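Down below are the structures I want you to see.
Okay, so subunit A shows up in both of these, paired with subunit B first and subunit C after.
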Partner chain A sequence: MVMAPPAPAEHRSSRRAPSGVRREPARRTPIRARWWGFAIPSLVLVVVFFVVPFALNIPFAFSSWSGYSDDIRLIGLKNFELLWERGILQNSIGITVVYAVIAMTVQNVVSLSLALALRTTNFVNSLYRSIFFLPVLISPLAAGYIWRAIVSPDGPLNAAIALAVPGFDKAWLGDPVTALVTVAFVDAWKWSGIATLVYIAGLNSIPSTMLEAASIDGANAWQRFWRISFPLLAPAFTFNVVTTLIGALSAYDVIASTTGGGPGVSTVTLNVAAVQQFGLSYFGTASALSLTVTVLVVVFAVPLVAWLRRREVAA
Partner chain B sequence: MKFKSVVAGVATTAVAISLAACSSPETSEEVTTLTLWHNSADTPAVLDLYERFEAETGIHLELVDIPSDAFETTTTTKWATGDRPDILEYHPTRSALFALNPAQNMQDLSDMDYVAKSGDLYKSMGSVDGTVYAAITGFPSIFGIYYNKAVLADAGLEPPTSFGDLSSICDALAGTGTAPIYESGGSAWPTQILPLLYVSDANEADAYGSAIAANEQSLADPDGAFEQGLEAYAGLRDQGCFNADATSATFENALASVYDGSAAMTALHSDAYAVLLAAAGGDAAALDATIGFVPVSAESPVAAYASAPIGTFYAPKTGDAAREAAAREFIAFATGAGYQQLVDAGPSFPVIDGAETPTDFSELQLAFKAAYDGGATVAVNSNVAGFGAFVTETSKLLAGQTTPADAAASMQDQVEQASVAAGIPGW
Partner chain C sequence: MSAAIAVRPRRSSGRMRATVKYTLLTLFAIPWVGIPLWLVVVNSWKTQGEAARLSLGLPEQWAIVENYAAVFTTGNYLTGLRNSLLVAIPTIVVVLLLGSAAAWAYARSTSRSFQAFFYLTSLSILLPPAVIPTIFVLTTLGLDGSIAGYALMMMGTRLGIAVFLITGFIRGIPPELEEAAAIDGASRRRIFFSLMLPLLRPVLFVGGVLLVITVWNDFFFGVLLLKTSANATLPLTLYSFASASTSSLRWNLVFAHVVMTSLPLIVAYLVSQRQVLAGLTEGGVKG
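Here is the complex of A and B:
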């Protein structure tokens, strides 16, 4: 016996609501009990690999756990106080946020530009899409080591600049400001390929008739992009902004392989600081820093998603 | 109801996985395999030692690579999960040992033969409160100054013996295009060496380090050698002694620059010899003709030393008597029947009595030995708990992100935190 699949709820409701008539909210379809079976594999993976470790980590952030002693007690907020007194917490939060904002901005500007340039599907564009996607496939550590060599004082970047500015010599990773900006750029370079594909998919879902109509009405290229394409890209924009920001807030590998947190503590993000605390056998303070990453992601991501979703509805 | 059952099942599975990971190993009668967490930068001589032990006893050593780049972090992270190898290769310094809670986690090796044959070594390394936990087979790392002979000779300069000399050489080489001292902030750990060298002539018999460890003296003391060492380091930085890319350069860059003469000196340890030899194309004679090594401290030529992790072994408590005994058997082999061949294969200077010293050392290697025999003192950070954060402070100091006084105060706080946690008397 073959059962016909149930029609999607949205499709059914649109059939009930003729065009021009204000649509009633779709009635919720009761979820059939047997559907739960399909959710179980994902549920198990999420619970075992995300929920349980996260929940288990929370008490450690408030404990005196260190390698120095077997005596582990709950000590309230003392780990956070200690990190604050040493300047580690505020320094690493500040650096993480600046790093994430730079990486997210660069990544989205570059990706959107590339998507606009490579929007049409043809052989040449497909080739370039593949080339720009390649960094995504490289190990972040390998990417970091490669870029470390490229931006070193006697590396190819300085050599190229020296062709225009004779005698140019700059230790890009040796200066606190340029080091942070450089590693954020490397992060953006590494992950732009994914965001580019999402933007290309978003652009190609925009009906070409709308752009043609705008063109006939006299809209120039910039107006067509800003008034039509960009608003209709809202779902892709939301996805890319949120995922790139969250990814950059959790940054570790690229920094570890380029600056290791230096010069001094100029690129010590929360995750780098957590690893440093782990290395010192202070597992309680390391857990506190890891928890701070999670809190930071929630604090930034939830309002951002809410705001961007409202923007999607408006568009 | 079904959903509740699923949730309960998932929770049970998760708990079962956790318990399985934490459960102690089963007791076995015959040991055929021992796990050994080892540094991925182990020398061929040490790797050969493992193979010879396997051939001698028939016990297979399952080597777990701990990357040398993140050696301490990886070891302590694995350790924190409750995972224990049968044999651990790790630092013999008390500052590193405290973080593994040795009284609770390590076998007492005090009664083994090699301890009595190692002179005073275990008074300053590998032991806590008179109990020996480590077996040290390697010659200590000697901290001092590598210099390019031709660069100094051409400028009419003698090799330095004190920090005053370092400063004078900086002045003499100013404007020549040669970096007087090549500093490697990109590798981070070398930034600790100059401040530690400054202290070495004030740390005879580890008196200063012991006073810090016992809370009888503070690191945050403007009149103390430690804070003055940080002042001297900042002074060299401000004087322009370092290379322009000091905050991002690596120690490999440092060795290559001193070898090719674009830098006059660099402060590193004797274990960098292999990298330097590689820079010289493996030609030890060419290396000896180009590079020299001298001890330098605040006022006098006193080197600092610390035994290295490579070739230093511990036998953690695993709860399995047969495996613990087999781990001691490995240590007995490494320090006894297998030791002479280990020393010969280096070649390295023996630290256990009864082994004969090889004869085919280069001039530079003999300079390390001369620095050690010439009154070298143990590095002041070796036996003080909580010194792991020193590298962060010296990196910040090099980058101008802290002051010597703030760095010293921060280190005193870190030492206090670790010493209190470790229950060290005096804190």
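Here is the complex of A and C:
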């Protein structure tokens, strides 16, 4: 707000500057023109390597581009029809959505609980915060290998369960349902540490006088959380829910190192299917699947942001 | 009487609650962080046969040297490390430097087109990058499959988060300092390098941490954009090393590679954890 007044003035003066001014030695370049030099390098990188590919994805998704022919033409909805007939499209959309919802739920429940427990900054809490942050540093691919070992039939998870249920040897990644839940869980495990810090920041921005006042008025811890902390936590909640959901809709790495899409096709998310099509040199269908991820992000994230933001205003 | 009784139980129940809380936290931290990390480390010390049992006990027969030597020889660790550094360092430097310059322009200019550029750049935070058309763009530029092409794609798609964070930060700094420097005759470039960049240090640190975590660990874009094993980054060398055995994974070797791949970030974190956690927590308030 503070910087608003001077800027329009620069703006106007540069617009009114007679064209002859530019020819004079560089000292008198219009102020606005001097901003361009700062913005352009970043803008060029963003446009060439993000915006242009993003825009090209639309025609590619409707094209016959493949490694088998030099003839690229627009073929309407054929790529989508082909993927639908083979069951790939509807299967991978369903799996991607279920994966994203599980990952988002687990991640937010865990990180919000941890944030509530570790909210105050002191030595012990800082130690726990830094321990719970460690998985964030590990690559999702490596996280996949680690959990593949833990849930393997001979792994520590079954060994622990076998203490209560002798001979327990479930192949968690061999069953379609538990495989999908496991890979989504690994995604949540890897990212919870960051979401925890966002929630801690959100909790610490709540004025403590408010909680004290409620406590004096006789509100118990449960009421203080649901009536005061949770509504005021809305911006952190929006941020975490949306970022975890968007991240999980693009899931690939964890699956590559755990199930590879199996058993059968039960963990083939849209990105896994896109890489498979790409590997077969069907670039058109691969683009169609990748465009579907974008559509899902827009379809889910936009209404979600709008809805969660409304909650923020109401709070 | 009631007051005296009321105070004492509350204090001891507070201590009780703390004990319960930290017991629960520890019980949660053991399977959540402790066991996964210990499993990796201890099994990377075992022989292949022993590691196949995936137990948490210490090795009966130690094979540290053999396993870690395999990571360097057949695991192509040094190639992966070199390539990861060749991607991560330029990406982080370029994104933070060019991102700060653009963010300064977006924060201080009220020009409509700059506001539009700001939103266009920030869009890459929400929307997933279109990787297949990126290959097309890189092929057109003659950079297909190269480290440079991959790094450029990383820069283009990570600038969004950096510009977004830095613009927010600059909007919170009063412009008087810059104006005073301009009146004193400092050039724009001079103001940027001698005044703005030092002021931005906290947000650049947070941005750098987020960039390191995502760039160093990326696998999806690398697997599609880096064609040859000579250009493979660490996650790609880990993947091909693990996939080399056809039947079941050789856990001792996979885990030794996981340790070595994660080590650079873990060491950097252990050195700077206090700043990382504080930075990300404070950065989160603004984001």
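Note that in this section the second predicted complex is superposed on the first by the 270 of 315 C-alpha atoms of A that agree within 3 Å, B and C clash if a C-alpha of one lies under 4 Å from a C-alpha of the other, contacts with A are read in each partner's own complex, and residues count from 1 in each chain.
Everything that follows uses one rule, which is that a residue touches a chain if its C-beta (ideal position, glycine included) is under 8 Å from a C-beta of that chain, and two chains touch if they have at least 3 such contacts.
Remember, it's a predicted structure, so these values are computed and weren't measured experimentally.
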Which superposed partner A:P41 touches (first subunit B, second subunit C, both, neither): second
Partner with the higher number of touched subunit A residues, subunit C or subunit B: C
Which superposed partner A:F237 touches (first subunit B, second subunit C, both, neither): neither
Touched partner set for A:R86, first subunit B, second subunit C, both or neither: first
Touching partner for A:L280 - first (subunit B), second (subunit C), both, neither: first
Which of subunit B and subunit C A:A142 touches, first, second, both or neither: second
Touching partner for A:D169 - first (subunit B), second (subunit C), both, neither: first
Touching partner for A:S152 - first (subunit B), second (subunit C), both, neither: both
Touching partner for A:F185 - first (subunit B), second (subunit C), both, neither: neither
Subunit B versus subunit C as contact partner of A:S64, first or second or both or neither: first
Doubly contacted residues of subunit A, that is, touched by subunit B and again by subunit C: 36, 43, 47-48, 52, 152, 275, 278, 283
Complex interface listing, subunit A residues touching subunit C: 2-4, 6-8, 10-11, 32, 34-39, 41-43, 45-54, 56-57, 60, 114, 117-118, 124, 126, 128-142, 145-150, 152, 154-156, 159, 189, 194, 197-198, 200-202, 204-205, 236, 239, 242, 246, 249-250, 252-253, 256-257, 271, 274-275, 278, 283, 286-287, 290-291, 293-294, 297-298, 301
Of subunit C, residues touching subunit A in the complex: 21-22, 24-25, 29, 32-33, 35-37, 39-40, 43, 52-56, 94, 98-99, 101-102, 104-111, 114, 117, 120-121, 123-124, 126-134, 136-137, 152-153, 155-157, 159-160, 163, 171, 174-175, 179, 188, 192, 213, 216-220, 223-224, 234-235, 238-239, 242, 249, 251, 254-255, 258, 261-262, 265-266, 269, 273-274, 276-277, 280-282, 284-285, 287
Interface residues, subunit A side, partner subunit B - complex: 33, 36, 40, 43-44, 47-48, 52, 64, 66-70, 82, 85-86, 152-153, 169, 171-176, 179, 259-260, 262-266, 275-276, 278-283
Residue numbers on subunit B that touch subunit A, as the complex places them: 2-3, 6, 10-11, 13-14, 17, 70, 72-73, 76-77, 79-80, 98-101, 104, 185-186, 188, 244-249, 385-386, 388-389, 392, 395-402, 410, 413, 417-418, 421-423
